[in-house]
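The following pair of complexes shares a single chain, chain A, combined with chain B in the former and chain C in the latter.
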Partner chain A sequence: MGAQKKRAAAAAAAARVSEDPDDLARQPLQAILLADSFTTKFRPITLERPKVLLPLVNVPMINYTLAWLEAAGVAEVFVFCCAHSKQVIDYLENSEWFSQPNFTVKTIESHNIISAGDALRLIYEQNVIHGDFVLISGDTVSNMSLTQALQEHKERKKKDNNAVMTMIIKKSKPSPITRQSRLGTDELFMAIDPNTKQLLYYEDKADHSKGTICLDKMLLAENPSISLHNDKQDCYIDICSPEVLSLFTDNFDYQHLRRHFVKGLLLDDIMGYKIFTHEIHSSYAARIDNYRSYDIVSKDIIQRWTYPYVPDVKFCGNRATKLERRGMYRALEIEQSRSAQVGSFTVIGYGTKIGSNSKISDSVIGEGCTIGSNVLIEGSYIWDNVIIEDGCELRHVIVCDGVIMKAGAVLKPGVVLSFKVVIGERFVVPAYSKVSLLQQPTVHDSDEELEYADNSSGTVEFSCTADQSNGEMTSESSEAHKPKLGTGGVGYIWSICEGGQEEEWRHSVAPIPEDKLTELSEAMDDDQELVTQDRTALSTSGELISDSNASEGDDNEDSKDDSVYFEKEVEATFLRAVEENVKVDHVILEVNSLRLSYNMTSADCAGAVFYSMMKLAIKTPHSSAIGLLTLYPSPFSMVASNAYPIYLSGELQQNTANIITTWQKLLKSYLLEIDEEIEIILKFEEMCLESAKEFSPLFARILHILYDKDILQEDAILRWADEKEGADESDKVFVRQSEKFIQWLREASEEED
Partner chain B sequence: EVPKALLPVANRPVLSYVLEQLELSNIKDLIVVVEGADAALRVGGWISAAYVDRLHVEVATVPEDVGTAGALRAIAHHLTAKDVLVVSGDLVSDVPPGAVTAAHRRHDAVVTAMICSVPVSGLSEAGSSGAKDKTKKPGRYNIIGMDPTKQFLLHIATGAELEKDTRIRKSILRAVGQMDIRADLMDAHMYAFNRSVLQEVLDQKDKFQSLKQDVLPYLVRSQLKSEILINGAPQGQQAKENGNDKVSYRILANASTPSFHELYALGPNGSAPVRRTHKCCVYIASNSKYCVRLNSIQAFMDINRDVIGEANHLSGYNFSAQNNIIHPSAELGSKTTVGPHCMLGEGSQMGDKCSVKRSVIGRHCRIGSNVKVVNSVVMNHVTIGDGCSIQGSVICSNAQLQERVALKDCQVGQGYVVSAGCEYKGESLARKEK
Partner chain C sequence: MTQIEPQNQLTLDLSRKHKIEGSQATARQTAELLRSVISQQRVPYTNQAGALIDAVKAIGEQLIAANPVELAVGNIVRRVLHIIREEDLSLTTAAIGGLNLSAVSDDENDDDRDGDSTLSAAAVAAAARSTLRPPSLQTLLEDTPVSAAVPQTSSSGGDSEGKSKSADKSSRSRKLKHDVIEAVNELIQDIVTCHEQIAEQAVEHIHQNEVILTLGSSRTVLEFLFAAKEKKRSFRVFVAEGAPRYQGHLLAKELVARGLQTTLITDSAVFAMISRVNMVIVGAHAVMANGGVIAPVGMNLVALAAQKHAVPFVVLAGSHKLCPLYPHNPEVLLNELRSPSELLDFGEFSDCMDFGSGSGSPLLHVVNPAFDYVPPKLVSLFITDAGGHNPSYMYRLIADYYSADDLVVQRRATAGN
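And now, the complex of A and B:
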């Protein structure tokens, strides 16, 4: 099947190449429209209605997408329905989309799909896509022309078969304070080759925490020039080659279009697939990803950035609306009291009634709403058939179909009321709360994509039953939850759990409150300070200061660690050798291999070997010492430990001498030069001071033994003594201890002369 | 044996190219800093002879191994002007330093660095080495990040950092929005510094050794959170300057949109600046300009070749119709040809049937008959015996090549005598070895 498909694609590609550019444009263009966002951002509304059918300035979102696809020259659209698929299909069947000439809309339905990746895999199996296609989700509003992007894509594809995708991007600088774009999406970092427009790096929220962007050095080796962008926005409109579908099939773990697919392709350098970008400048493209983008895109539509997809132009499914002064749109048959004030940039739907002294501004009111008197509506989205009684206040909220607000109810900014909720008299809904007739699902799956699909497949029926048995439901729930939404209120206030209240303001319809902004900008300053503090701390210590230099510091630590590990390994090897009576030559071999793997010098080896030998020397008498100590009752233990060196020094010295005699060959094999011998003395000194204080009284004597065994030459000892001449008094303890011996050596050498 | 600054490029010390450019830009108060007393004496001697009435030059001596930053630290008390231009003495370039300082002053920057494209060594050279170079990628010296208008320096990586993955701080990217990262540019080691800032950095960070590797990256890194103007002595003075700047900003604001530094410095409400920033600018030498540093023997050869070749306007000589320079006092034997892109210094003598191609021959050289000199630099007072063949080599002053010596890609030290009939390839011959 796959092979068949590929052959078909190859044939199609071959056919295309032979055609001239004019025919290319006429090649029927296909599109895949995902009528499911596979996220939970629009909950609780999406539990009852699919996101694509939510009204955006009184027109279901999917109509904007479909209208744009038709205008952009797409001939065939596959609408992939998953959650609430029945609703989507019903809606499309009743709409005029199925009866358009030159524009076919087909639906693909599946219920067990949990991600965009699965959807594309399913479409691949259906074998319906034959050429380049546009991949878009049903919540995108755009008026861009596809011609140029498509042309570029095809030309690139002709030259390089690996150019599988063209992403549409648009300039949009995220706020430096909130670090999110105007549309409420998280900031995005992209690296793009300025000449070829190839996408080289893509980082969104997933790896947010780091303060730096890390570009692979290979990237710069291959591309002498790279543009790093923080001021671009991903429009989520992709022009894809048919290979994209097979790529999804090949990589069955690709779920998310961006997080998995795009990043996967960028990281995968075996297949060499490339993604390119196309930037649009004057046209509009935006995806409604969260409540904030819902708000912003609505405002853009009202302010006509999306022309021709504006309320007063009939594109599909919208009723005749008249544009009046100050950006006011009014549908027919509106009953408005004379004393009501309707402000600028407001849309009022068909058949809505507005009572006296009500003030409405910057809002969208749906069809058949009844608004009482003295109501204040500001920056809000009221859908169809909503009843708002006298004296209510609504600021920056979304109110779904069939909601009833009893007199005097107040909605604080950021509130979302789902379908048919009833808010009791004079009840104040706290900011950012979400109210729904359905209870908040309690299952918390860590995978958000999974969660949506799981629940939504269930809620299709559930919402239906809720519709049918509405009467019972409301009565039940109103009794159970009376205190929650005031007298006569119906619905549940969802507790905010995922992401926490902290993040709630980021994606809400309400503008970001002032105090949050100041808080954030302070936090940003702190961030900066932290960075600079790090820097100054480092720079005062004399280190260089950049990040890479910090990692240099790590390197130093690494090498320190290395030498510690090396020492341990050598000791272990040596002990094993002693226990198992391994031949000296074999031990030398083993130590040598360790030396190579840790990249150590022979001086390090000598030090490590000597260290292990001395440790071994301590061990034997040490155990007996402990035995002795325990014999004494506690008052004497002090005496005992004081007496211990004297008591045991003879034994320890004897032990050491034995071990040195046995293993002198091993030690000597690393003592090639005088430097290594000095290293041993230094090591010994260090041990006496730190890890093996037992040796400290014996220092001179053991030095003598080492000299006698020809392990240390007199030169080394004298050099060591000379080196120590200038050292601190504390460092000279052992030089002084062995003064006699050194003196003797000096005289001996003079005599020789 | 010769200080690097005095190495001859087309029979002139390399330092003279820098000095001439500075003179052209009307920068006349110069301090030439030389490492080591010996070298300083010689450089000083040469300068006073050559520029006595044209430039006001002081020669300062600093101990060896103090690095560029250390050198500036040592002479800090000599510096008085508001801005200081720091140029490396081995830069051969026709980029006017005036343009760099103009860019610096225009933005009131703390530092302005000149960057140029990475030189492609040995490209114009035909033959095996050229072909090899073409297969290799051009060397990378720096990774430089700039804002889209290519005026501000946002990121610079040098030396060992190049071997690692490039890390770019998001904070600066957030402030700028777009950063162009280039790996095909390099720092040409010509900087304009704000003097007070430079001195403060040098005072505070006494571990900084090199301008290129320590001071410049430091300034670039801290540009959005400037520490320089906050602590330290010149605070009062800086504050005053800032006051003046505000006025000038407003004037400038009419002319151009504010740079991201100013936008970033503004508080969230667009109120008075709350963050201290400083600007690091770049001046990009255009591709048509010549800009190479003499920092390797290969570069020395390349520069010599280029100065009498492609970039011949730099040398300041008049070229003959054959596209070469033969001093009138030079004597050529019969059937001797001197090809284009060649230079023959004064008083040099050449025997019969010699051929010289793409080479520089210094003053008072004696060249026997049947000698071939290709792609080489021969300094002054060199004696070359009959039948020698020299390719791609550097022969220092007073060297002596006896008969039938064949050299290829060699360096011959000062006063070295190459005995007759020897053949060397890719070696460096100096007196020490003897």
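And now, the complex of A and C:
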């Protein structure tokens, strides 16, 4: 009978396939599922358990992906396991996925792979992919139908052999305030040919401080029409032709699927490979990339956007769960006190106990949890077998398996508690902190390595079964490093490193705090004002703001703010040049190479070089300058009101003059146009206001020096003055200060006329 | 253990919604699976029926749990359990009757010769046990339309064969299994032919120049209307589109393809149009024991409109949709909340769904229930493959198809797998 069933099923499958074109029937659809994200966004949790096995609404993420692949008609899935590969393979072997008819799951294991690119190269070597395949990572939730996208892909491929990839996109508006999508990823800009749906431009790391994006002019010249979107979400589901794998092998430096591969193909005109997009409308697709998207996708699942992959449908052997009024999902065997209030859009797992007067809302509670009385849980994700004692408060947090929270402990928004952490009595865990039994890895390597550091070889692979005693042992060994988690607490609070505190709120599970939003929207208003004033002014201010961030100890890379690093590099180069007496030409060469690698304009260079020169001027002994200033206290108003030139230059001025004289050639090489000169003035103005206040009394004089040395033309200064005309009073301090000088310039130019 | 595989497969298919669509297909597949389970089940010498019942129950439980919303699964499991019980009883009765009560048994059998096999079995059982069980509806309403009765002889033949045979254990065991499988085959046949059975009655209900209103799309309704059309009745159909799935559009397309005069209206226009309608004919998802109907969303609205204008509200349902449970039980009255994307476009509304700001929970909730409950007082008539019935008679019909012992198939504690 079983055989008969199978035959019937096979016949049904054949019937289903036969609706599609013939070549579809011949080639069963394959998929590559990357069971590793090659990022560190989910640390510390991912140190102990691979990301794909983290529960998403009480079901391991990979099940959503596999269930979707199966439903979408994929016949064979290669699961590429890297970090914690053993756990993934063990899980899959014990799951039902290995025993499906018409759906085979095969695992490919490797330990020394540090990027998606390497993984695809390895799969190419294994020679298992024979036709078109779906490339997806194991943390993607979708319910879309592949038929149409696949058909489009095949038809395009027939016409044009270079159409190697179809990317699935979905409309989703980014927040205008935070400049990030609802999934917490950066705002994405895409240029798409509206007729052919070809992808022409892809930029997910646009520099928001500039407020502009740059498009290649050729793009407009070559394509009759382009639609530029910022409201599309990349679903990270790609339908690829087998060529994609060989492309990865040919370009051995491709690591990241989007940053290197997609951008690489878009920029590379020689091979002419094309990427197309397929937009889905009614169905759902999203990738869990960070804690925020974990939160958002969970809520989407609870709100049933991912139907039929919702808790009350048993799509992968998950436990029977019933959907009750107001979006409340309850599994069986729940012990709930009569006075406990379980609010809307909450999922409660099998065998969980909830004590009296506890309030739970918008949360997911795993299996076998024990929740005491008077506990408040709001918008949180609590995994399995967690014990929360009386009177705890949890708001917008993630609590992993086996955590114990002693009575009265409080978790502030954005906290992540990794496996088996114990929080002591009445201990308050500060917002956005991450707590783990494992210590924070201290090595911080170069950009690239950190980006792909979550592989098993790069860091020690901690087994999931790292038991309590083990954790305690390590804690003894480094008592000094360990901030206590209250009485009886076990675990380490990780110092925030990923992007610094500043960026932490962007990707956390907690909603963005109100004050942050108002702050941002104010900043945005300011930006817009500046944009209307002067485009270059904006970029300067952006650089300086981020610079002040950097000085706060934000020594970590976050490729978002290249300008800061650029500036630092330039400064370092310059200082070295001064110390070692490097020739000016060589310095220019070095700065030029930096400029290319950071993709900066010559205005940026001019700004950076000038900045370093001024810094140097401050650093060279100028005690007498300060002395002079203290001897003759000269408030701005006085300087401004006095005629030019009044005071004799202090030593600082002398230093500055010397340095400018020595290095004027360097500076001049970047002052090609008047815009750059204005940039320098603005930069100087900013410096006087913020980072180098010593200069503020000397502003007018140094401006004069710059003019004398032919670094600044009078046009530039006059234009700067004109632009400042309409500015706030506070902005005008320096214009006033140099009023006389400007007047003198004006008169001089009139005379010339 | 050989049955594990197909059974698991069906469980999976049931739970993964994309595999099986519609009550009829589900019912047929469930019945086929149970047939294979029965045929593979090794039967002990003693208490063979018990063994079969246990086996069916165990699998039925999983099947029901796999998709509790699809009541047809539970209905079929209970029907099969009922068949086993009745066949067992009729065999026992026959064995005993062959010795002592042959006259009584014969009478009963003669009465029921042209009745349903299970019904005949029921009658035999009733006589044998002399319980207080009410006589079957069929026997009460002696003028049941013949068309409703399923032509069958094998079971009666089996009965007589059984009588003639001695009470030999091994042959009896084979016989029980054989009889049960025969009866399940008939059940499957019933399910397959239910549309035609119902459609045969169309001309009795649809008259010349009438206006029929329906909501959404139902295969039963489609066949019913076609049957009337084929009998040269000319009538008009109003189709309410059935938001948000708009299956009414498909129905309208099909009706037009068959040359029926069709008017498509929005769901909200039903009340405005109902005064021009002579009869409302709709399909159902399930019919409960009290005569209440679980039907596609919007049906209650149509029923209320029909009641207001005294338009007959007729529900077509195959017998596999008759559910022996009462809707007051919250375990039974399940609705299915489908994806909100059927209502609105996610992309357009993505800024309303931003959980990243404010309190972390969105202000917009989209609810998309699949079903409505229509109370029995709003229903004028049920047309099943066994003929037309009043809502208040549904419980009697159900008593014929199901035995009271099987109403609770699920044991709560082990419902999860």
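The rule is short, and it goes like this: the second predicted complex is superposed on the first by the 470 of 753 C-alpha atoms of A that agree within 3 Å, B and C clash if a C-alpha of one lies under 4 Å from a C-alpha of the other, contacts with A are read in each partner's own complex, and residues count from 1 in each chain.
One rule holds for everything that comes next: a residue touches a chain if its C-beta (ideal position, glycine included) is under 8 Å from a C-beta of that chain, and two chains touch if they have at least 3 such contacts.
Everything quoted here is computed from the prediction, not taken from an experiment.
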item: Chain B versus chain C as contact partner of A:517, first or second or both or neither; value: both
item: Touched partner set for A:430, first chain B, second chain C, both or neither; value: neither
item: Partner chain in contact with A:221 - chain B first, chain C second, else both or neither; value: first
item: Touched partner set for A:28, first chain B, second chain C, both or neither; value: neither
item: Which of chain B and chain C A:230 touches, first, second, both or neither; value: first
item: Chain B versus chain C as contact partner of A:303, first or second or both or neither; value: second
item: Chain B versus chain C as contact partner of A:313, first or second or both or neither; value: second
item: Partner chain in contact with A:272 - chain B first, chain C second, else both or neither; value: neither
item: Common interface residues of chain A - those touching chain B in one complex and chain C in the other; value: 173, 231, 517
item: Chain A - residues contacting chain C, complex; value: 1-2, 4-6, 9, 67, 70-71, 96, 101, 143, 170-173, 175, 178, 182, 184, 231, 281-284, 292, 295-296, 299-300, 303-308, 313-315, 317, 319-320, 323, 327, 331-332, 344-345, 350, 361-362, 378-379, 396, 510-512, 514, 517
item: Chain A - residues contacting chain B, complex; value: 173-174, 176-177, 179, 187, 189, 191, 194, 210-217, 219-221, 223-231, 517-518, 521, 525, 527-529, 531-532, 535-536, 539, 542-548, 551-552
item: List of chain B residues in touch with chain A within their complex; value: 137, 140, 143, 145, 148, 157, 160-171, 173-184, 205, 207, 213-214, 217-218, 221-222, 224-225, 227, 264, 267-268, 274-275
item: Of all residues in chain C, those that touch chain A in their complex; value: 2-3, 5-6, 9, 12, 15-18, 36, 39-40, 65-68, 337-342, 345-348, 350-351, 353-362, 365-366, 368, 412, 415-417
